[in-house]
Amino acid sequence: MTVIPSIKRDYLSKLAKQGKRADGRKFDEFRKIEIETGVVTKAEGSARVKIGNTQVLVGIKMDVGEPYSDSPESGVMTTAAELIPLASPDFEAGPPRENAIELARVVDRGVRESEVIELDKLCIEPGEKVWIVFIDIHILDYDGNLFDAASLATLAALFTAKVPAKRFELGDDYTIPLKDPPVSCTSVKFNDVVVMDPSIDEEEIADARLTVATDKNGDLRAMQKGLSGSFTTDEIRKVIKSSLDNGKTIREQLYKIIGK
Amino acid sequence: MTVIPSIKRDYLSKLAKQGKRADGRKFDEFRKIEIETGVVTKAEGSARVKIGNTQVLVGIKMDVGEPYSDSPESGVMTTAAELIPLASPDFEAGPPRENAIELARVVDRGVRESEVIELDKLCIEPGEKVWIVFIDIHILDYDGNLFDAASLATLAALFTAKVPAKRFELGDDYTIPLKDPPVSCTSVKFNDVVVMDPSIDEEEIADARLTVATDKNGDLRAMQKGLSGSFTTDEIRKVIKSSLDNGKTIREQLYKIIGK
Amino acid sequence: MTVIPSIKRDYLSKLAKQGKRADGRKFDEFRKIEIETGVVTKAEGSARVKIGNTQVLVGIKMDVGEPYSDSPESGVMTTAAELIPLASPDFEAGPPRENAIELARVVDRGVRESEVIELDKLCIEPGEKVWIVFIDIHILDYDGNLFDAASLATLAALFTAKVPAKRFELGDDYTIPLKDPPVSCTSVKFNDVVVMDPSIDEEEIADARLTVATDKNGDLRAMQKGLSGSFTTDEIRKVIKSSLDNGKTIREQLYKIIGK
Amino acid sequence: MKSDIKLIDSKGKRLDGRKFDELRKIKIEAGVLHRAEGSCYLEWGENKILAAVYGPREAIPKHTQNPLRAIVKARYNMAAFSVEDRKRPGPDRRSREISKVISEALENIILTEKYPRASIDVNIEVLDAEAGTRCAGLTAAGVALADAGIPMKDIPASCAAGKIEDQVVLDLGKEEDNYGNADLPIAISPRSGEVLLLQMDGHLTEDEFNKALNLAINGCKIVSDIQKKALLDKYQPALEVD
Amino acid sequence: MKSDIKLIDSKGKRLDGRKFDELRKIKIEAGVLHRAEGSCYLEWGENKILAAVYGPREAIPKHTQNPLRAIVKARYNMAAFSVEDRKRPGPDRRSREISKVISEALENIILTEKYPRASIDVNIEVLDAEAGTRCAGLTAAGVALADAGIPMKDIPASCAAGKIEDQVVLDLGKEEDNYGNADLPIAISPRSGEVLLLQMDGHLTEDEFNKALNLAINGCKIVSDIQKKALLDKYQPALEVD
Amino acid sequence: MKSDIKLIDSKGKRLDGRKFDELRKIKIEAGVLHRAEGSCYLEWGENKILAAVYGPREAIPKHTQNPLRAIVKARYNMAAFSVEDRKRPGPDRRSREISKVISEALENIILTEKYPRASIDVNIEVLDAEAGTRCAGLTAAGVALADAGIPMKDIPASCAAGKIEDQVVLDLGKEEDNYGNADLPIAISPRSGEVLLLQMDGHLTEDEFNKALNLAINGCKIVSDIQKKALLDKYQPALEVD
């Protein structure tokens, strides 16, 4: 548990009062996003996403297994995240801690609750055999805003993945049946300023965090507030607005990459 | 590992020399016992037992599973105890430690070795499907003598549980087939005095502990000595006598509650 | 992490310059080896090997289980090593650490890669049921050179083990089908001297370690370099030579014990 | 998951007879445990929850201490027998996430700067679980903290709103949670109205979200009244004697 | 478990030919390991057990230290190959309970107050297991402690009695343990006769219990003599030379 | 495992067209990560590997510190999606052994005595795995260490030789690894030619071993040139500006 870095806080707050951020961005502006797909040969699908210097790699693997007894005609999806020590001097080896668990669960819910993967189309034999989709999130370089990088990389990997039917002698490979995905945008609040796509410095001094996933109709599909600070209802509504705006742009970039 | 609280020891020993205990009880007297059953809706059976301020909740869950290969026609029982940090400032979260393991094993043996549950009547298909009985011991408030509270709550929960046959489409629910149970009574020894149903203060200064489970015929069904102190054979015989006496009273109270 | 015991290093290095070792052995000489088989009744096979004061017990257990999906007609072997705290003041209880893992993996590869166990003859029903061979290495007394003691005890245990077919109602017991085994010899290097079969003192000051397993034809079957020191190619070739020599003698002793 | 269950009837009544803005029955009792420094037993519909508070006490291990304030460690745990299919004891990923968001919400409201290097431990045991255990657990934790005399800016109150059959309703029950369209659990500081916890799963238009947020905030205020009454019930007799 | 096996024949002989008050064959050797400060190899029927003692040495981690006395950490462990169906390596609940009761029994008899802050570690490895490993393990531990020169009030000795076919007998063998009616393992301090360890499973009348306890105490005394002989066998030659 | 695959054709070409002494295609880039103090991305055939270095920094926990030198902690890890059948995340026995031998090889070559009590952490992530990941990982680690400015005696280079169809060849590919007769991964200090890492599985005559060792050492030297070029490519532009 570290003492709050008060010098950093003072500096960034002072800038914020002048309407500025340390890297020159506007409060509601994302850093440059790069999306690259098909980066891992062994994976069924993969994508590397950079948001500024943050870099996340997501790989999709699939296997054949049993369905859950309460949904015998549905495929299964599972999401894991590792904050591997490669990505930051502060990440430690070992089983996932709270932060990695929250990250994996937020990405997982973003995909699961919006039914991005049409799991009912991943049934092979009802009650017996279904496809299992493993989403593995690998953080490579941590410079702030893992939630959005991980969730965007997950979507790009899913949309370019192939069901490896041939390897399992189940016919020809085909793309995973997917619905239109929600895009996640994260903001943080410090000293009563709310900024989108926080850098690592902004994250370090943040009081509160809010992630909002929106779909192409401009509807809300998932939200997660984090950290011990609070938001007023006005702030929440504002964050939603700018998440809708940024979500639209990011969606266009994603569509281009995945050829949609 | 704490230094033995010598002031407490001196005080309680002085009282004991005068034939007294701090809460006014006689050496072989139990605190007030309260038994409440059916306290958890989701459980197949449940009971909360209070002995003085000590409070233990036991829930019974059942499932259908495979029998052990060396007893293909027997149901399976398993007992787990958690000393959750809710119940005492000294309990820590995490996997069960020695004390919780000993508690669970002593309660388990008390039920298993006396064949309280007629496991052979919990067979569904020999070698294939049997009922599994999960006994989960949840300590809510720790003020001494967990062994007796946990074992009494286990009996009360078992005797009011229903086999959830309907949920598993195996006919109508019915009560678990049970035999007459042994009742467990625990004593501790400090400074050569032996007292029944120790309070937490008495436990803290205790040199040795002896738990004796007796049945309605006055026979011995299980014993467990604990702690690093020793007992003379005379002391053991005395503890057995007063365990028989107290066991009889507790059994009557249990029978009343479970309508036997 | 201990400071290198420099006094011990100085003493042993000084001796080495005079061509001597602390216990009077020549550089390429093993301590006395004792092999005893059939020491554990419950095991399918067992052997205790002493090399000097080092003592290792290996037990073989077998069970019937499923084959791996990529080799449906092969039995399965698995090797585990425990550096139990009985054997050394420096061994700790708990899950195996790096040293135990390396030991188990080196012994395992020595058996597996040389195909000592004819796993294809341990198939019962292709794809369904095969024999599983469990090799458990128990270190009893640690006085240097566990690799060779563990690997020799493994061979002696395997060669005197019986497949417990009768217990599993699969016919009569028979010996495990085995090929001629490679024998492992370990050397260490300190202050530019290389010695065979290191004592614990020599191990403690060693810079580098090299284990060489050779077969009866004088061929190499496995090698493992350990520790942070380096070897020149000349040193490696010399170690191979003396591993061949010692391997021959040890093989003869093993053959005598197992009646081959 | 789909279902033929009709979650709201033609008269606007929900499965258990509630109106769209009605909470399930809530019962709160403060100070129910002997050893804990503060405690609370809460029933919310079929949910049964115990919360117990220990501390402020020295945080261990030492490296977890914050030299400027107390750390708040909430531990949300489900009893093995609290759900239909027995749950393996010990924390899973879901309970660890809930423990994290509850810890963060409580850290906001406790005057942690009063207790540097200390730990305030909040144990939440779910004994019987239906929908909404995280809101119920956080609500019970608030009462247990007050019962322990931990200084707070306010007593946090929690409640969810959601959407079923395209209607925004308060406090989803079990069937409503399983077959509904969205769930929005929140917690607020009742005095300031600020939002301490917020999660949302499902599908809401911006407009529906605003409705649901308002409904949930109102729900929190009702919950807050019940919390205060429970604390009064415990301390009133003592006050009257004085 | 039921069985048609006749555990005692008409002449009062048990399956392995023993009388009711007869021990299985016991063989004890002290000082068998090089690295350990004290050690013991013991065969008791088909049980084969090694015990090794390390310490007194500084207890680590530090927070386990007792400023007034040494802590005693017995670790009872079964080798994977010591039982018919291979046991997964590492402690299970059974072995952790046995480790606990053995640690407690040894703590009683070691003069722990001589070594504040120290740890005395007793490792018990079951290499071959039949019935009665906890008594055999504790007996071996006693010899290993004496061999290590750890000051003790007495050398603890352990033995079980039990009931088979309604008769009280000494030292149950494997079949007797599986199909018998009761098992009563104890350990005593032979000099004072005090009971250090006692567990009972099964069904005994009060009268049978008293018989069994006496029988087990007698068994412990025989075991105690074998322990002393093993120690003499090791140290006698040295003494004779002096 | 047997196979009908012909690993070398009549003209001495291997499955992927290589000659017996030819490496797979290797591509190395230094300094690819922002947070790490030194990093390297390496492709070797189908292997894709990232290495990142942190430190020297204070070793924690404290009891792992060496008062005379830095400790080197290499962590070799395979991404779950790097192999055909998904690997469970976290270290297994294989990766822990590889981490150990790589740590030892690096410890030899880093001037650890310059940083007493420090830790130098080398993280090796296998993103895409074919045969030879330990050599590829160690090679990438060497570049990342140089990129981090960690003082070393030399940059370690690694490569394997092996035997397929009774011929000694360099740098086994996937099929060659599966169906070949022997594999000999080594690492050397290119300047001194000393062997830092050596493992061998399979079957080699003494003569074949000598051939394979020479071949592998030559391979290491080629790898070493590619490593140096990658570092030059990164630092040359900076140097030219000066």
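Per-chain residue numbering starts at 1, and chain names A, B, C, D, E and F are given in the order in which the chains are listed.
We take it that a residue touches a chain if its C-beta (ideal position, glycine included) is under 8 Å from a C-beta of that chain, and two chains touch if they have at least 3 such contacts.
Everything numeric here is computed off the predicted structure, so don't read it as measured data.
Under the touch definition stated at the top, chain A and chain C share these contacting partners: F. Look at the CA centroids: the one farthest from the centroid of chain E belongs to A. Repeating the A-F interface with over half of its contact pairs identical by residue number, the matching pair from B-D, A-D or B-E is B-D.
Ranked by distance of CA centroids from chain B, the top chain is F. Look at where the CA atoms of chain D average out and do the same for chain E: the two points lie 52 Å apart. Separating the centre of chain C from that of chain E, both taken as means of CA atoms, is a distance of 32 Å. The centroid of the Cα atoms in chain C and the matching centroid in chain D are 58 Å apart.
Taken as a contact graph, the chains are arranged in a single closed ring, with each chain touching exactly two others. All chains form one closed ring of contacts, and listing them from chain B in the direction of chain E gives B, E, C, F, A, D. Residues of chain A that touch chain F in their complex: 39-44, 46, 53, 55, 57, 59-61, 63, 80, 82, 84-89, 93, 95, 134, 136, 138, 140-143, 167. On chain B, the positions that touch chain E within their shared complex are 1, 3-4, 71, 98, 101-102, 104-105, 109, 113-114, 210, 215, 218-233, 236-237, 240, 244.
The touching residues of chain D, counted against chain B in their complex, run 33-36, 46, 48, 50-52, 54, 57, 75, 77, 79-86, 89-91, 121, 123, 125, 127-129.
Residue ranges on chain F touching chain C, taken from their complex, read 1, 63-68, 71, 93-94, 96-97, 99-101, 103-105, 107-108, 184, 189, 192-206, 209-210, 213, 217.
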